[in-house]
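Read through the structure below, which is laid out as structure tokens, and then see the notes.
By letter and in written order, the chains are A, B, C and D; residue numbering begins at 1 in each of them.
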């Protein structure tokens, strides 16, 4: 089995968006644009990527590779095998089903040949009843190629009694519970769908006469496409012959977009829900400075994701902003067959303290989140080794106390520091002079909800902070996961 | 011939430090530490790297590879071939002699077997009389393995009538004109040398009982070594059996350290000449804001090298600092067999404008230097496309009007924008609302010379700005290069 | 798509066995023995190979690779991923469905997860109603992973209403028309099946307490297994806990073993139907010398497959045997990205005439078969260029006038020289002094049928010579293939 | 260090020709022809190969690779880097200096830049005073790139006071003691030289207007070149502008061509000294049958090198020739990271006994030589396991009792079975019913010396059989090797 090389020793102390999707229809050599789009979405999934294209002469063609988009899908010889005006692509981190053990057959897009013709789909999100669906499908004779939950969708489509692919997809998605933003294609159609809650993002762009679907707007920019609008929660868009039609296959529900996309997953140069992600993060820093002020000499981001909030914190507090921690630009994600020493280096391979700057200073470190806390401890050690007088952590998200079941790779609940410790206990555990998280209301204010979180009917999915799951995670409950009780 | 993959389309619009050197003596598995040190020095040379080690059982062993240190010298199977307590290493960009056409045999360290035993050397810098030396050596029967100028040194050593390697090296270096910081080794000795002017950096560190030589202090940090002091201009240090001795083989001269190391080449977390590189760069921004103020809404760095100066500019001017340009973290340096589209993408593969932030704003862009100006034009286009109201460039170095012959890869003089245009002409050429470079005196103030540049006897090598070459570039003059005339 | 490298320019002038299968049960590290068995069966399929193993701890594991067994399945790191006491494997040439365009997903064994547990199968042969089955299965919602006809079997198994895998396999195989020798496995069982006519070979061996299934006996020899008997036509054997049981799921029919296995496909050191393949081939040479004598100076084989018949011809005729054509031992099967010159070299890359030996001689060349005749022409040219006085071709099989639909890769009928030319016309076309094929009766005598071929009820499948197809090739007939008419 | 993969477990029981050389001048894209020639000479060196070419635009270009010629030098992308009308190449087994530890820098041709221009040389043979020369050259300041003895030649050339390359080469070769056939080139000349004894072969061919130099004639055949004549012992030929001139730089001596080239090293389709190698070997079998007759049922070759002698033995003795041992065609030379099982398989991976043929038979096995005897023992075991009644070994060369110092890789003397055992002792050691080697006189008769060996002044170099070394192996004597004493 071709297996994924081992991840970084310190990689397990962050949350990972599992996927990015991108599709282009009605443009010559569509796969080239998909490759660029996926490159811009690489932060959503660094493990592997795939592209499927279609042209009249060669039919469907597919390439799936481990590694970065730029190392695979920039080569002429590979891209020549992906001709045609219609193409979709996918980058992935890893599925919930097979962490650290992905095989190439798990890499999307998935393709199926139906009696009505073939279709390929790329899925961002997670199906919470996938185990049950898989059991049922195997019982009825379906053979799964992969360990990916997303493959259920294509089998449900294959078994639909509808004749046309869009109707088959609607049939299939009505059986599926969970969060999904899907980009799909038939021989002639580009299709985009978003689940009724709209948990994961999906945007629509225009490239000349053609159309583009993308997880984020930053990937429209790289190919020079114009941002048109978001695909709406519960909407299915179908592009055929340069004409876009909109469909509503699901019962309407109040949207619950993932608030963590604003905090961490999306790129700062993307626009989500009409707001600049960068500006939202800077505003989180402003809110943090108001909620949790501190006397200090420097505000330093933990690179790179803490930077916008650190800028905001500095601007609101008046404490000078400085690059106290320098990131090595030449770090990739993984090592093949690393030496013992490399295995033990951890975060020092990636970050170094700016010793001359830090010595004797009271330092505010702004980070995006605390997951297991292991990286935070190493950073605190490095900062104190360099002679800092005080270390104050300010975290640009509320405590992450619950796992995500909607497409983000989270540790089990017992590995989450915030699941078992109070803020004060975490401060002592991390060994810092102070530790403060932004409040849930502060976060909602930063994303533009001036009145904060509507506790009765929250405006976002914030299950990872609140334990309030808008879609019941049925497979996990079957496996023993316990929902938050009224008492908690 | 194994050839280097083609460089980025936009790579030719920057200056490149050609090399970083690192050596460790008196520590078990020294090569592992060298690998980490080279990883921390990767910014000084991304094309290729090599390590030579020695132990009593296996003698000298060597590995040289194209590509990043982290992709080669982290593997157990490779590092197992480099045993022993003594090792040196080198990362390189490319030699002046063979741009874009490097072969593995050009990758250092170079090794030679002498009648007195073998020696390996790694060289940072450039020999300005290499062509003449090479001609002479070939005439006398030496056979060159590489196209590298540095190989002259090892042939001169081989032909020395001295018996011991350090004396052979002194013999050789007295014939050599140019800038050099050298790390070398014999079976039992670790040797460091710096040319009399001390143009290129070299520092000394302690790791337990062992000793470390490194181009920069940031590479001491990664292995936990303690910074002891700089190797002094004109000094040769020899470490044997954990004892360091200092020698002065050259006639003393007033040092002329490269001022561009402060501006751009060195990492911001290194300490040069007792000063934090980050702090120097921030101070350049402060000086720039004083010298060339402007009314604007935002100060944005051109990532990543413009960041510290942008922070300083913002702090001095009071104009808010913002990340107006976002860098894609997943860009490497090169593409193998790229598609036409990739070839044409240029800077957009690496940078994207934060459109929501920039729209309608007057933006100060702070960049480290202007070489050809091609990247600056593309960035200005991207910023204006995103709707900026005004674009003001502030450059953290004086106009680069002269090529460097001391170990930095510079275009020929006629390709340097500042060689043929005034600041005002460059402003028009780049199409920006204003363009200002820091003055040479301002730069000197930022590096700590309160009185500015001493025109009679400059404190630094600033030939790239001033045309004042402290070492006559004899090979180039022979090839037709014209020194600055009194009239200029 | 990972695609197969291009075949040899001259590869299209030979018939290719499409597959070899091998399975081991009840032996520690079974996959290692499978690897050796596949190496011994490499002549039956050089394009790709795969192994599936099972052990209690890791479940099913699989590795599939392009290239020779010896280049992939000899590595410790790969074999470590295939633990357990039960393993099956497959080598393949290419499927009828996708000549020259195989993808890794087409490489067997195929694996399917059923409600009753998983199973893997490796198939040698061809399903003549695969298109119809595939259409039906897709219509009912099955999703095919590959272009291989063999995949139908696993989908039919998945849809069977039987609970246990052997019964599911019987269900599936009763729907299948064609020739098949199958080696399969569940978590605990090793299964072998042969179609009712027994067209393709399959033998049973014993290795200590364990059991072995193999396409040929030569692969038992390499692992030191004892040859027990052939799996009989129409028999299914099941090994579980070291106990073998025999089953008869099909209606009995008179066997029709492939006579070409004796002539060409099987290795000379294998035993087929109780006869040494080498001895049969030598006997073909004897028969040829009787049927088609000629006055000549030397009998030379076309290496390597013509060798045994040439020895027999020499012994019967008294004409000295000699190596007139020398084979280059360092030829592999394929070239990646070959130069124009390599593409045009053809057979000269592989064969060279022993010029000093051939000059002025009357030469009998013994070859195994004539397919398109293109190689024969090149060999005749080489022999005459070397100065031979006369060239007489003697062919160790009857004229190949009909394609095989039972697991051998044959050109379309209009490409077969013998389909449109008489023996005399072929002689003129090839430009040789004489050309004679062994008669069909002579061939039958050589394989031990003293009375020759029983025209009413032939003892073997000889469709490629006679056009008498024992199983109607229904897919091909649907595609326009015309069976032999009574008049032909 | 890039190291050679480990050799076969059974590879150490054969003698290996260390090199083949090939050169082409005056033909467009000469390197393509060199690649084909090296492919035909692959049997002379399978470890690595290299080609140097020259054209006016690009100067000298070079590619050196581990592995087979066909896997490297058939690719368009590599061959495109080797343009021009002049090219030379080399295949190698390994140098005497670095068995099993070759690095790419040891792979020839070697290139040197002289004051008179550059030259590349490829060397077949061995320099017996290389250690002494190397010491002297290093003492005088030469730096060696490789561990290869052949590199001395290029350093001696570099230090020559002559101006032109051919004269420099003559200067150098007059200092060299040993056996050499050299193909070299300058920018405009193709040069061939053979040592005064002519120990190693070198032939001259014509390809259109151009000229070809090759170790053997079989490599002329593959490119369609016409065999002109052998380069004579002590001759230097220089081709420039399609004109060949002949020079005699050495004092004339009576030639001593290597007799083992006839027995084993050269390909059977080559012509050596005006005789077909195949015919010579067949004649050895005839002589053997006369010298050492035996009653038996079958004569079988040990494939493949024993085949011609076995044919001769059969023809002379009247015992039928048969393929009793079958060779697996898919064996390469080496395994990378082999499993324990593969390591232990030995000869069974390559050879299998034709059991049905051998059972109960008295078998004469004809092999080319016995070196250590380890393979012979394994073959005897396989044959007896298969049920042979008797096993008689007949060896087509005299006992190999002395190492070769002239370019053949031989074990040290104490590893050679014949160095310490009589024929009868060897028979008992190998456990066979009889063992006979051809006599030295019989061998001489087979190569055409009707009167056998001239003991006073032998016609060939037969040091490996006789201990009579025509060139004193001075380095080895210095290392302790003892020449045959008068008493032996």
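By definition in this document, a residue touches a chain if its C-beta (ideal position, glycine included) is under 8 Å from a C-beta of that chain, and two chains touch if they have at least 3 such contacts.
Going by UniProt, the chains are A, B, C, D = Amidophosphoribosyltransferase.
Predicted model, so just to flag it, every value in this text is computed and none were measured.
Enquirer: Give the label of the chain whose average Cα location is farthest from that of subunit D.
Expert: Of all the other chains, the one whose centre lies farthest from subunit D is A.
Enquirer: Report the inter-chain centroid distance for subunit C and subunit D in whole angstrom, where each centroid is the mean of the CA atoms.
Expert: 37
Enquirer: Starting from the mean Cα coordinates of subunit B and subunit C, work out the distance between those two points in Å.
Expert: The mean C-alpha positions of subunit B and subunit C differ by 62 Å.
Enquirer: Compute the distance, rounded to whole Å, between the mean C-alpha positions of subunit A and subunit C.
Expert: Centres of subunit A and subunit C (C-alpha means) sit 50 Å apart.
Enquirer: Which subunit D residues reach two or more other chains?
Expert: Residues of subunit D touching two or more partner chains: there are none.
Enquirer: Would you mind giving me the full set of chain pairs in touch?
Expert: A-B, A-C, B-D, C-D
Enquirer: Provide the residue numbers of subunit D that touch subunit B in the complex, in ascending order.
Expert: 1, 3, 61-63, 81, 105, 112-115, 135, 138-139, 141-145, 154-155, 158-160
Enquirer: Over in the complex, which subunit B residues touch subunit A? Could you list them?
Expert: Subunit B reaches subunit A through residues 29, 32, 36, 39-40, 42-43, 46, 68-71, 74-77, 79, 218, 221-222, 267-269, 271, 275-276, 278-279, 282, 304, 307-308, 311, 315, 320-323, 326, 328-332, 335-342, 345, 348-349, 352-357.
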